[in-house]
Structure formats: C-alpha cells, structure tokens
Amino acid sequence: MTFQTSRRSLLAQSAAILGFAFLPQARAAASWSSEAFERARPIERAVIAHPFLKALADGTISRDKILWYLAQNAGYLRNYAASLSRACAKLENPEDRALLAQWIKDTAGTETWTLDLLQKFSGGRDTTPFMRLRPTTLFYASWEAKASEEGTASEAWAALLPCFTMYEVAGRFIAGHIRKENPYREWLSAYGDPAYSKTVESAVALADRLARKETPEGRARMTENYLTSCRLEWALWDAAERLEDWPV
Amino acid sequence: MTFQTSRRSLLAQSAAILGFAFLPQARAAASWSSEAFERARPIERAVIAHPFLKALADGTISRDKILWYLAQNAGYLRNYAASLSRACAKLENPEDRALLAQWIKDTAGTETWTLDLLQKFSGGRDTTPFMRLRPTTLFYASWEAKASEEGTASEAWAALLPCFTMYEVAGRFIAGHIRKENPYREWLSAYGDPAYSKTVESAVALADRLARKETPEGRARMTENYLTSCRLEWALWDAAERLEDWPV
Amino acid sequence: MTFQTSRRSLLAQSAAILGFAFLPQARAAASWSSEAFERARPIERAVIAHPFLKALADGTISRDKILWYLAQNAGYLRNYAASLSRACAKLENPEDRALLAQWIKDTAGTETWTLDLLQKFSGGRDTTPFMRLRPTTLFYASWEAKASEEGTASEAWAALLPCFTMYEVAGRFIAGHIRKENPYREWLSAYGDPAYSKTVESAVALADRLARKETPEGRARMTENYLTSCRLEWALWDAAERLEDWPV
Amino acid sequence: MTFQTSRRSLLAQSAAILGFAFLPQARAAASWSSEAFERARPIERAVIAHPFLKALADGTISRDKILWYLAQNAGYLRNYAASLSRACAKLENPEDRALLAQWIKDTAGTETWTLDLLQKFSGGRDTTPFMRLRPTTLFYASWEAKASEEGTASEAWAALLPCFTMYEVAGRFIAGHIRKENPYREWLSAYGDPAYSKTVESAVALADRLARKETPEGRARMTENYLTSCRLEWALWDAAERLEDWPV
C-alpha cells in the first residue's frame, strides 16, 4: 500500500542493512545535511532513549497511550500536509514540486490509515476525547505552519524534514526492538518497508539541493529550523508518554 | 504517460462519445457547477470561435505563434502548480487533498512536457525571447495567485477550475477539427485521451462538494472567480494570436 | 508616548474606575465577545492567581525572571506584529484596516520599548542568552502565525485578541497590587494608562463586528481560537516563572 | 488631512522646488534605486506623455473617464492595502514595520477619500457600474498580491514602490500643467503637498535599505518587480483613457 512507504511506515530491514548511524554517514562531509545531522545527534539519542519508544516496542504500553498517540498523529498529519503544500508552492523546479506533491498525497493516505488504526485499537471506546489537539501537537503543527509560511523554500523544507528523518530514527529503533508477543506487532511491522529509506534519502537530497543555492546565513537558518523540528519530534513522544493535556 | 491525462492533454474520442455540450448536462440542475457553467457559456462560445484555435486545428498557424503559445503555457503552468499548492493547503479532507496533490504532480509533468515540445518545434532557434511572461500570461498567473492566497478553499478552487474545464472545451474543438496534414498532428492528438474527461469530472465534483458547504454569498463569490478565470482562458488564446508583448 | 497606549501598557486607574470584572459586563449578552469571555473566565482566574504576577506586583521577583520575561516579550511582539499584518491583509473595510495598521505600529513601538527596558534592567549583563525564543514563546508566536495565515479575518482576529484582553486582565491585577517599594515601579506604573482600555474596547468591538457576519460554525471557530490564545497567555506567564528552556 | 500626505495626493510645490528629474538624481549612483529608476525612465516618459494626464490637467477630460478613474483607483487601493499588509508581515525591523503600518493606514484613508470624490463628481449618477474591477486594475492588484505573497520582503517592496514613485511622477506633471479653469482644480490641487515627497523619499530609502542585504540575484529580482509595476502604472492610465471593460 502506498501509505506504507510514507512517513509513519518505517525501517525494519534497512536498520539491519544500513547499521544504526545511517543518516549522517550517507552524506558527504560538506553537505548541509551532514552538518545538520551532526548537530541533531543529541536529540536523536534522546528520542531513542525515550521510555515511550521502549514500551511501544516491547508491547507493555497502555491502551490510552496508543490511542493518544494515534489520534494526535492523525491531527498532526492533517496539518503537516497543509505545511507541505505551502512549501510546495515555494519550489521553482517541476521535478522537486512533483516530489513534494507525492509526499502530500502519501501524507493524506497516512492520515486515513492512522484514523483506521485508531478505530481498530479503540475496542469500541469513543475516541473523540483523544482527537482534540494537545499542546505539543498544536505547537509542532503551528511551528511547521509558521516556518512553511514565513520561510523561503529552503527554510520551509528544513523545518519539514525531521518528520522524515527523526521518524526513521524512531522507526528503526522500534523495528530493531519489537517483541514477538507485542499485541501491536502487525501494525508496528509496517515500520520495516525498505522503500521508506529511499523516500527519506530523496527528502534529504532535496534539502541538500536547496541548501547549495543558499547563502551561509540561509544555511544557518535552515539548520535552526531543522533542529527546532527535531526537538518537537522528541517533545511529541514525550507528550504521548505523559498523556499530555491542556493545563488550563 | 501521466502528463497526457492532465490539463494540456484533451479529448478527441470523448468529444464524439459525449457530444459537445458535455459539461453542464453532466451536472444536476441545482449544483453550483451547472449554474456557473450556464453563465460561462458565452465565454465558452467565444473560445471555440477564436481564430487561434481554428488555425491550430487546421495547421495553418505560424511557427512564432506555436512557440509563443508553448513558452507562455510552460510559464503559466509553473505558476498554476504554485496556486494549486496554495489551494491544497486550504483543504480539510485528506481525500480531496490527495486529488489536488495528484494534479500538482501532473501539472509539473506537463510543464516539462511543454518545454520539451518547445525545443522540438523551435527548429534550433533560441526560445529564450519567448519565455518572458507576457502581460496576459502574467495577469492570469497573478490572478490565480491572488485567488488561491486570499480566498477560502472553495473560492480558490473555483478560480483554478477553468484551467480544467475551459481547456477541455478548447481541446474538444481541436480534436474535432484537426486536419490530417496538420504538421503538429502528433502533439495535438494527445488532446484525445478519454482519461482527461475523468479528471475534469473529478475537478468539477470537488467544486460542487466544496460549494455545498458554502453560504449563498460564498457560492456567488465562487461563480465570480470561475467566470474571471474563464475570461482569462479566452484572453490567453487571444494574446497568443496577437503574439502579445509589453507595450512599454 | 505612543507605546504607552498599546498592549504592554495597562490599566491602573481604569481598574479602580471600571471595577474588576470589566470585560464581559461591558458587552451585550448576545455578542460573540460576551460568550467567549464567559468561557475564558477560568483561564482569566488562573492568570491572576499565578505566582509570577504576584511576585511582579510586590517586587520580590528575581532579576533573571524579569530579563527572561522582557526578552521573550520582545521576541513575541515581533512575531505578533507579523501576525497582525497577516490579519490586516484579510480585512475588507478600510476603517477596520486602519485600526489594525495603528496596532501594528504600536506593537513595533512596544517591541523597541521592551528592548530598551531589557537593557536598562540588565545591569550590564549580556542579555543575548535570554533572547532565544523559548518553547512557550515559540508556541504562542507559531500558533498566532498559523491562525492568522489559515483562518478567515474573523478567526485570525479572535486568535490575536487575547494579547489585548488577557494582558489587560493581568495589567489591572498588577496595577491594583503594586507595592510602593517595588524596584520596577516606574516601569510597571505604565500599566495604568486609561487610553489602553479604549484600545481594548476597540479591539473587542472589531471582533464583535466580524462575528456578526459569521455563521454559527464560524463563531464557534472564533471562540476556539480565542480560548487557545488565552491558554497561551497563561502559559507564557507560567513559562516565565519556570525560566523555561528547551529540554533537548 | 492625513490622506493628503499619501499616495494619491501629489506634488505641486515640490515640482518647482526639486525640478523635474527628481527621483534618480536624489540617489547615490551605486544605490539600487538609482539603477532601477534609470531603467524605468522610458516608462516614466510614456506616463507623462499619456493623453489622459494631459486631459486631466487641462480639464477637458470626460466625466465618464473621471468616474472610471476614481472608482478603479478606490478598488485598486483596497487591494494595495492588503498587499502592503502582506509585505509588512515579512519585515524584520520594527522601525521599517512602523513605516509600512503608517502607509497601510494612509492607503485606507485614501480609499475612503477617493470614494467620497467619486460620489461628489457623480452628479447623482449611479456609480455602481464603475466599481467592478476592470482587466488592468485587476491585473495590477493581482500582480501586487502575487509579488507580496511569493516574494521576499525586498522583492515585495520593490513591486509595491511604483505606486509611490510613478504616481509622484504623474502628480508632478499634473501640478505643473493644471489650468485655472479646470473644474476638478480643487481635487487636483491636493497633488501639491510637499509632505508627499518626504513620504516617497522614505519609501525609496526603505527599498535601498532592503537591497543592501540582497545578493545580486535578489537585487535583479527587485528591479524586475519594480519595472513590472511601473508598466502597470502606465497601463492603468491607458485603461482609464480607453474606459476599458472586459471583452468577454
């Protein structure tokens, strides 16, 4: 299925093939991405050390956390598709634009798939209370809206990239640590489609193409945007662990 | 090829199958599109009566007009893809968004295809002078940028729809009047893919879905936007005929 | 000075004149604002109960918290002026647009004033570390960017309004509880310009004008946007109290 | 009155004081504006040679042309204020933003003033038919919407600048050629406020400040945008002369 090659379907096999520290090593030293990924390393480590990921992989996670995570993910993806569309409007090159259009389409498909999973795992419970965007989800969605609206094509794309790269990091961890008796095994094994690693490579290559036309200041702004979104990827896992809700 | 099912690849066969006054009759009387198409009828008639279309179909058109038309079309399509992306950002429903994403991708492919045709027909001439956006092309592209930026999803989509519907009207005319000895026959026969009529139907159905949620004032604004773009479809054919350039 | 009539210059005198529960009572029962303010009441209570406000009024607040607060406020205001500008682009009526333009100008002046205060209270310390946008400041700024970009004029304005109304609530509390020996008394007494209450009334009246043209669904979206921004007004005080920084 | 210092109130006195070729000479040779103005010179000459301006200055113009011109100007200004707002959102510096906010406010005031003049000169006729945006007005408004939406702050501002500079060129011509018995003398003598030349200087200085931070490619895009809007300033006078309407 198409959506299995998109963001929320990650890499079991490729984790074994490529080894763990895949992302930076696959880039030339001088590329924008190699530098940005180096700076993102501590956030990457914090993501794979997060108890939510561990509990997800071994299947000890609570039903409420699963429902929170799927519902918030669906809401995030709807906003992510809008931000991808704004970034797509800023591209000049038809080939680049066709890439983004495919990812908008994949994201729309993944939103539908995520909502289906939410129903499937709800056990008949009303999932409405889980759907309202929680603070961190709204934060991440709003930040991507701001970055895709205000930034250049390069700055917008750098802010949207961690949804690909940091999710792959998480997905490889899950695929590498999933337990046989995990009740969500069927769903989580979707995190093993090697096609997704090709998609991530394309997304990173687009960032590097855009970076090559940037001034040093523009590249620095790209890196800041990339790191901010990486932090929010971590924050979303952390919010799921806390079943975060609005304090007032 | 995918791009043959998109905007600039129109309907020879379906013209014969569906008969001429296809668009309005295919809609229920009460739909937004049936009313809008009725109001657009005089513009539709002006399009198919335009000497540029006749000369294109019988092959008596000058090489300069072909190059003007292809180059301006390519520039228009680049801007159209950006406006489609802005409209895509405004949609709520993932299925609708997936549709628009596919059309963004098709439009990017059609831009590339159009540029290839421009090279093919240039006979080695430098095509750069044809590439600068002429007044009517910039007008149409700017209007669609404005409508997709300022309007609601419905208003944006109504402004972007004539690129589908009015082009089909022109394409059916060309397919129905093409002469055997037309030197551009190979290119123009692409205007006969029945798949394109399905695409146009989807595009119209999306407008009607969006219109159903609108207030009467919103529907009226949709119609005004639709008619303005229809007028600019006509104006673009007329500008091609005049090999339009900037007066100052 | 012009900036004394703007957001960050609040109401000492008017607090005494108008009494505490000013905002909702000043509106007719059926107006959008009267309903929205009623729903915001619990958040309003949480704001004036926040220890940061108490410590600010009695002068026992730490220097670091003052610097955090001023620096983040300046960064917030820069983004707020951009969001006001986007909302201004969506208005139809020239009188309404002139109002927003004045508030954009006031906000720019208040940013400069806030940066001057930051220098004044820094005691020669380098204030650069305080300037980087912290999570809650970026959240609030991003949310307002998203709401002003994606929403109608009404929805955008509802999201931008709590910067007026909730700040006045806080300002009246401060003006009513300020201690004589407060070392920031000169600055905080700016929170007493009665002209600001007129500004807030204009801002609320604009929201009610826009709401009158909305469908019930549109009014409900306005209220949701208003409440979200109220929550983020509270969250910004709370972040200042915690000297919030990025966890990863 | 405030609106007398804005766009549509021009320079009688300053024409005598500053001499005719004011704009380029007032700039240093190396500034962006001095180069852009040099390239705009042929368009400037076409504007002041246009029969509409001559007929306006000597008072022989038809009533219909006056009503067309005022109504279209009002519609243009409403859209111009929206484009100014979008450009304002892109500025970084609070002082620059305050400048643009003042001009948004002035533009809103000038729209109201223009609509008042339209009523005054209508002689009781229904002015509604004149209000629908004609092709060139919609073209210019749409182009400025596109440029202010898609461009950087610099590119946006370059596209919005000719409304200041080219209008001053026209205004100085009118002020220098107005006949005593011109029935519109009272209105047209507003084209003589020296304060407007200060405003134009500020607007040009902002363009030069923004240009100094641009790459050569960015400066070239600014110049292209500036020239396109200059051409549309000419086209608007020309459309008024032809009482332009939609051909289909």
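General observations
Read from first to last, the chains carry the letters A, B, C and D; within each, the first residue is number 1.
Everything that follows uses one rule, which is that a contact is a pair of C-beta atoms (placed from the backbone, for glycine too) under 8 Å apart; a residue touches a chain by one contact, two chains touch by 3 or more.
Heads up on the chains, UniProt names are A, B, C, D = Thiaminase-2/PQQC domain-containing protein.
All of these numbers come straight from a predicted model, not from anything done at the bench.
Of all residue numbers used where chain C meets chain D, over half belong to both copies. The two sides are thus made of the same residues. Centroid analysis (C-alpha atoms only) places A farthest from chain D. The distance from the centre of chain B to the centre of chain C, each centre being the mean of the chain's C-alpha atoms, comes to 47 Å.
One simple way to say how far apart two chains are is to compare their mean CA positions; for chain C and chain D this gives 36 Å.
Here the spacing of chain A and chain C, counted between their Cα centres, is 33 Å. Touching of two or more other chains is recorded for residues 82, 89-90, 150 of chain B. By the touch criterion stated above, chain C contacts chain D in their complex at residues 78, 81-83, 85-86, 88-90, 92, 94-95, 97-98, 100-102, 104-105, 108-109, 111-112. Chain D contributes residues 42-43, 46, 82, 135, 138-139, 141-143, 145-146, 149-150, 228, 231, 234-235, 238, 246-248 to its touches with chain B in the complex.
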